[in-house]
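These are the structures in question, set out in turn.
Heads up, the next two complexes both have chain A, just with different partners, chain B and then chain C.
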Partner chain A sequence: MFDDDELLFSERPEWSDVTPLEQYENLNPLAPIFYTDEYKDATNYLRAIVKSGEKTKRVLELTENIIKQNPAHYSAWQYRYETFITLLFPSSPPKPSKALATNPMVIAELALMDELAVRFLKTYQVWHHRRLLVALTRQPRRELGFIKKSLEADAKNYHTWSYRQWTLAFFGGAGGGGGVAVESSDENDIDFEVGEDLWAGELDFVDAMLAQDIRNNSAWHHRFFVVWGCGVREGELDRERISKRELIFVKQHISFAPNNPSAWNYLRGILRHTSTPFSSVAAFAEPYTSSKESISRDNIVDLDNPRPGEGAELPCSEALEFMADVHEAKTTEEGVNSAVEIWKNLATEHDTMRKKYWEHRIRSAHRSLNTATNAA
Partner chain B sequence: MSDQPSTLLSAFSRKAHAAHCKLCLSGLPASQIDVDGSRLALAFYCLGGLDLLGVLEEEISPRNREEWRTWLWTQHAKGKYGSGFRPGPFMTGRDPRISLQDPADYTNYDTPHLIMTYTALLSLAILRDDFSKLDRKGIIAFLRCCQRQDGSFSTVPGSNENDLRTLYCAFAISNMLDDWSGVDIPQAVAFLATCRTYEGGYGQSTFCEGQGGTTYTAIAALGLASAVTKKEYLTRSEKQVTIEWLLRNQDDSGGFRGRTGKEADACYCFWCGGSLKILGAESLVNSEALATYLSRCRFKYGGIAKAPGESPDPYHTYLSLAALSMYPPQVHDGNSTSETWKFGVLDPLLNAREETVAWIRSHVPDRKVHS
Partner chain C sequence: MTPRPVATDAFPTATSRAQAETEAVLLKHIAAPDIQQDPVLDKTSHMQFLVRNLVQGFPSRYISQDASQPWLLFWTIQSFSSLQVALDPANKQRVIDKVMKWQHPDGGFGGGPGQAAHLLPTYASVCTLAVVGRSGTGGGWDQIDRAAIYKFFMSLKQNDGSFLVAHHSEVDVRGIYCLLVVATLLDILTPELVEGTAEFIASCQTYEGGFASASHPSYSLGGELLPHGPRPPLGEAHGGYTFCALASWVLLQPYLASIANDSRPKPAINIDSLLRWLVHMQGIDIELGGFKGRTNKLVDGCYSWWCGGAFSLLEALGVGGLQNAVSEEVPIDSGTPEGVWDDVDEGLLNRHALQEYVLSAGQHPAGGLRDKPPKNADAYHTHYCLSGLSSAQHHVFPSKLRRSQVEEAWEATDSHNDAMRKRCFSEILSWTEEEGGSHIIGGQNNRVNATHPVTNLTMTHTEQFVSYFYKQKVPARILRKKPTTSPASAPGPGTKDAPAATTTS
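Up next is the complex of A and B:
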């Protein structure tokens, strides 16, 4: 991890004015960590610096060293941020501004964060620090580009996607609530790079992610967030048109790869969100419940009801479940019988893992049918 | 495959798993440096594992237990944001003022931590501490300092690091103290509702993808709140959607995954399984397949890993034991193998063995109020 010539802080003349402060461990501690000498050394100096309250340039060097050894050291991150702010605003309270983006200190910090985010992709603090910086510099577009690149390393990384959602909500002028509070009193003097056009590329971005992996649930979730979850932007005001567009989108993607729970969840999500009965897409779902052989192949392309692609594994258990829900919702004896038929199929053949659940559905459907009949 | 996998289960080597927990309590290699800022959580997973295995008293000497309690209390700190527990001594310099009678006043950089306070209370209860040193008023003040304007809770006062885990911990602590005056329940529940997703799960924070771990913290938090407000926070259909999503996360391996389309992972057997239990749907889980999956995650020298073939760690070991305690397999071999698969009964809301929760009930609340 270290260059051979990298000295311990205790060996560096420029740190000789600081008396290192050792960790207080007490007798018989729980789960002590056998620290390396490098870690002990650096954290001894951090404890000393925190005690003296020093917030100078060398503290950035010290905290960078610790963070690289332990990216989850949240106190080192916290002290680094405070030092950074003190150095950046020596004589005035911190204030977000676009001009900060060309400040050499800010550029260096963001460059370091770009490096660390790739190295410590799964560490919360790396992303958290980034949020604080970007809330100051107000350059969300750079972030969207960075996120896109960083998803190349791990297309389902939870922190990366959360950060994209936060960036859009925080800067995109729709909803907000992403978590970082920045002085709001004098927002008028700040030249924000804020606006709805930040969202303009999001659907293309989702398309690109799904083109790489049609089963990437993070991308599906992101689509829901963009279209339904975080305000309505110009160009999307005609919700009926948007519903239609989304239904076509998800149906098409199901036809490309029917056994894709993410896509079916998205379909259910839209229908519930728009209070549309599941039965309205029964004509689409039905063919996916048949076995391969029984599908009629014709050349009619029906955008509303795209057929399963050639070679699709059928029947698809998500479609079976969906159609059972459609039948059950009819609340007729015939409907319940059809649903029960499907559930039996799922329990014994197509989704035996959830056997107990399907049996439960059968029991409760019979029960509510009986209650309904008795009441009538 | 789900009908009779139980016959395939080999004996659960309780000694070996206990040894894994004990080994981690005695020390961790430098490669685990990233737990430096969350050592108390790791200690809880180890102690909780020993508790569920029912071997704490036989494996750990009374003197040792006493020393561990003492060490835990040295993480108890009192100061301007109230009282609570730190993750460990990683920011505490040698300081002669530190003593149990007079908890150290903290700076902004070694304040108590909300998640660690929750795990410390559980750990002390597992070690049967009498909680005579607990600064109850101070903890309530600390919770108040951690709740943010949007209803969420920060990990440490003033931090922007907030998600559903911290909200759950604040609720769990209030439940343990039997005092909810430190939290604004309606505001917190309103924040929690913004984390619900179209899939029926809950994301880590507003707008995030539904995830098994944060779904557990959401469902358990609502359960804890319901017990005191007597309110139902989810409609029948919301519950139904969540149950369906959780059940769909049990994949063909028998294990649960944390998100749609991801691989199964031992810890989600607890996070999803625990949520289902709280929602009253435990009978719908395929517990035989679940145990089969977890049995494959066992490391041959003790400990349980996140997936078959991976290295074990206390987090996955504890959560697997907790999952097995809720979903014990039916081992009908009529001999000693079935005994090895039995664990202490778990309270799914607080995530601790029932006996430990009973200890909490009788020792953590303020007796002056409740006697």
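Up next is the complex of A and C:
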């Protein structure tokens, strides 16, 4: 399929000992797929091999052929992995070790994965196979570089990002190095590359990704993962300093492009994660709820409360929603009234698609207030 | 008036450029206000598309889905169901025969003959059999090896409560959803199977409110799971995973109810942030009210189901539509409808706009449904656009009245797991279409069948299938009409921070 000169497996003398196995024998199935000859040929041989249980070198060739025609063929991947492990550990149970990284079979497999990941970026199996390999070789650092490169082709690829997060968590989660558990390894044998420095470049990496596209939600999520999601690493022990740093970061990014739900979600996320009341950033959010004309433009630079940028389209509905939450949290009648005012505004003017939701917020705020009043 | 674009704040990036391109395309599909014609669901051409796939087959580009043959068939067959079409007995038999070729001798179903068993095709195969199968020789139902499926499921279980989707494969919540639907339908759900799974699901919720594909557990150096260590989600909040996680959460309620009284700490999800995230996935006017799958991504017809359909699931957790559900608690002959019906609440999403999206942008002129113009139609989008349309047309809710009817009809067995089986059975069958609760854009001709919010089968298929495997009778539904008087609005119980629905049987 990718090389016209390549022979079908049925034409190769070295496969003549295998009897290919048709997919649907004695059945004329509904909803058939029109296979190419190459695909039909290769998968007929895979079925035969799976049935016989053969795990030899030529199975790697066969499964590679199928995977290149259909990277989502998970059974081909699964059988390839089992074969690979059998060949790699012919006489002992599989054991991760750094030494594997220089094994020619492993090197070849990783090189193939580099090629396939770029070609089939959206396939689960490509990334998972890689994960199985790296769990064996314990060499995560190379992965971070590779991921960075493949994000250049697709900056929001779900698999790529979650693979990066897996790599970081697996090789150095809470405190670094806590993330490893492999059935077959006993403690003394674990030799792998960990350390804080695996994580050292992550914030710079996120900064670079967000500089490319401030609206890349995958990058915002990664930032949350790195700063908040994985426990506290060394150098980040002063949580107050970290909170402050992150608040300044997200506020600045909101000021560049206020109508960016990713940034507002990050702001909400860190406030909730640190149990900080929304009201603590009300002074920042408020100017984003005004219409543009009403914002006074002075030369005072307030780092804690950066103002909307020149091109900002205001009012910004995320800011309105945020301020309504601030008011509602006061749990007073005035507070709820102010919140309701904003929700009505959103429902009728600024975010009419979510009218039902804003009405729901109005009802439930009234209800909570009534319950509180009755209880008092 | 042209709807306003998503604000870019004079700060263009790759995201805003892709968004602007999509808006320009969608703008052409907004019905001009001077055209007073309602959008039509072109059932005939969609049927032609589906029948072509079924009878003639799928073109070569579908080789990429050769490991998803059960899905191709399920999407096709279930789309028929949505379009109120049933197969003739001969073709039903051909479907059954094909599905049975996928069953793996060691349990579960694979993506095709000779392929390894996998959770996703297991769901698609079993659900296809729910539609076309029957009991008896060659009918499929009795040929499902339930004991082997259970063993297969257990062999995939991880110590953080999650499941691999197949041996040597990844963990993700799609697989868990598929496993839980199958286990519930086939009456093989045990406490042992799902212990720790709710904790895993909860750990996949991200700071945005939606759910990610999976999470990563913390281990001690000795390799033991640290129950209180961080379990960061891998990947951002995503519509498909959110549906699967939320439906899993709903399917785990019978188990959670069964352990409600022990002293272990119980997992929890944040329903407020989930609701907020879900409503924000609905695009604005210029996006025709379609749903997107992640923050700052583009609308896509398939999220009509993954996100749009998730709102019904929220009702099982006490959010939205509550007034209607509670109203069923009032006996029909009480003669006091006052304060019972609340017409204000017809869902927390914009059902009207969602239907418009599917009808105006989701239909391919040559038949079949799609992500968005100018993309091609495919089997996947056809099914999920239709399911999403169905969820926007009908109000299907977990009726407490229905649940108690089903519970009362339960014949106790000497199974040691009887109480939980009864809960599974009555909760999955409690879902009820609200009479008179349909809002169909474009008129009755556009009506598609109501879909069970958890299984994504029709209500009838779900009922027949479940009844067979639990060996229990399902009581006839009592039809009731909505009172025509317009009563004062009913103060429902607080929905905020409402605990997960639990049975009180």
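Going forward, the second predicted complex is superposed on the first by the 345 of 376 C-alpha atoms of A that agree within 3 Å, B and C clash if a C-alpha of one lies under 4 Å from a C-alpha of the other, contacts with A are read in each partner's own complex, and residues count from 1 in each chain.
The definition used in the following text is that a contact is a pair of C-beta atoms (placed from the backbone, for glycine too) under 8 Å apart; a residue touches a chain by one contact, two chains touch by 3 or more.
Everything numeric here is computed off the predicted structure, so don't read it as measured data.
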Practice item. Kindly say whether there is room for both chain B and chain C on chain A in the superposition, answering fit or clash. Key: clash
Point to revise | Which partner, chain B or chain C, touches more chain A residues | key: C
Check your understanding: After lining up the shared chain so the two structures overlap, which partner does A:Ser368 touch, if you call chain B first and chain C second: first, second, both or neither?
Key -> second
**Study point:** Touched partner set for A:Gln165, first chain B, second chain C, both or neither
**Key:** both
Practice item. Once the structures are superposed on A, label A:Tyr81 by its partner contacts, choosing first (chain B), second (chain C), both or neither. Key: second
Check your understanding: Between chain B (first) and chain C (second), which does A:Phe256 come into contact with in this model arrangement: first, second, both, or neither?
Key -> second
Review point. With the two structures laid over each other on chain A, which partner does A:Gln212 touch: chain B (first), chain C (second), both, or neither?
Key: second
Exercise for review: Name the contact category of A:Cys316: first (chain B only), second (chain C only), both, or neither.
Suggested key: second
Review point. With the two structures laid over each other on chain A, which partner does A:Arg241 touch: chain B (first), chain C (second), both, or neither?
Key: neither
Point to revise | chain B clash site on chain C (candidates 112-120, 328-336 or 400-408) | key: 112-120
Practice item. Starting from the residues of chain A touching chain B, keep only those that also touch chain C in the other complex, and list them. Key: 21, 23-24, 27-36, 39, 43, 46-47, 50-51, 69-75, 78-79, 124-125, 128, 131-132, 156, 158, 161-162, 165-166, 169, 177-181, 215-218, 220-221, 224-225, 228-230, 260-262, 265-266, 268-270, 272-273, 352-357, 360
**Study point:** chain A-touching residues of chain C, taken from the complex the two chains share
**Key:** 6-11, 13-16, 53-55, 57-60, 62-69, 72-73, 76, 91, 94-95, 97-98, 101, 110-116, 118, 166-170, 206-208, 212-214, 216, 218-226, 229-230, 232-238, 273, 275-276, 279-280, 282-285, 289, 294-297, 320, 344-350, 353, 491, 494-496
Study note, to complete from the structure: In the complex, chain B touches chain A at residues 1-2, 24-30, 32-40, 42-43, 46-47, 64, 67-68, 70-72, 74, 89-95, 98, 107-110, 123, 149-150, 152, 155-156, 159-162, 194, 197-199, 203-211, 241, 245, 247-248, 250-252, 254, 259-262, 283-286, 289
Practice item. Write out the stretch or stretches of chain A touching chain B in their complex. Key: 21-36, 39, 43, 46-48, 50-51, 69-75, 78-79, 123-125, 128, 131-132, 156, 158, 161-162, 165-166, 169, 177-181, 215-218, 220-222, 224-225, 228-230, 260-262, 265-266, 268-270, 272-273, 352-357, 360
Review point. Any idea which chain A residues touch chain C in the complex?
Key: 21, 23-24, 27-36, 39, 43, 46-47, 50-51, 69-75, 77-79, 81-82, 124-125, 127-128, 131-132, 155-156, 158, 161-162, 165-166, 169-170, 173-174, 177-183, 185, 187, 212-218, 220-221, 224-225, 228-231, 256-262, 265-266, 268-270, 272-273, 309-313, 316, 351-357, 359-360, 364, 367-368, 371
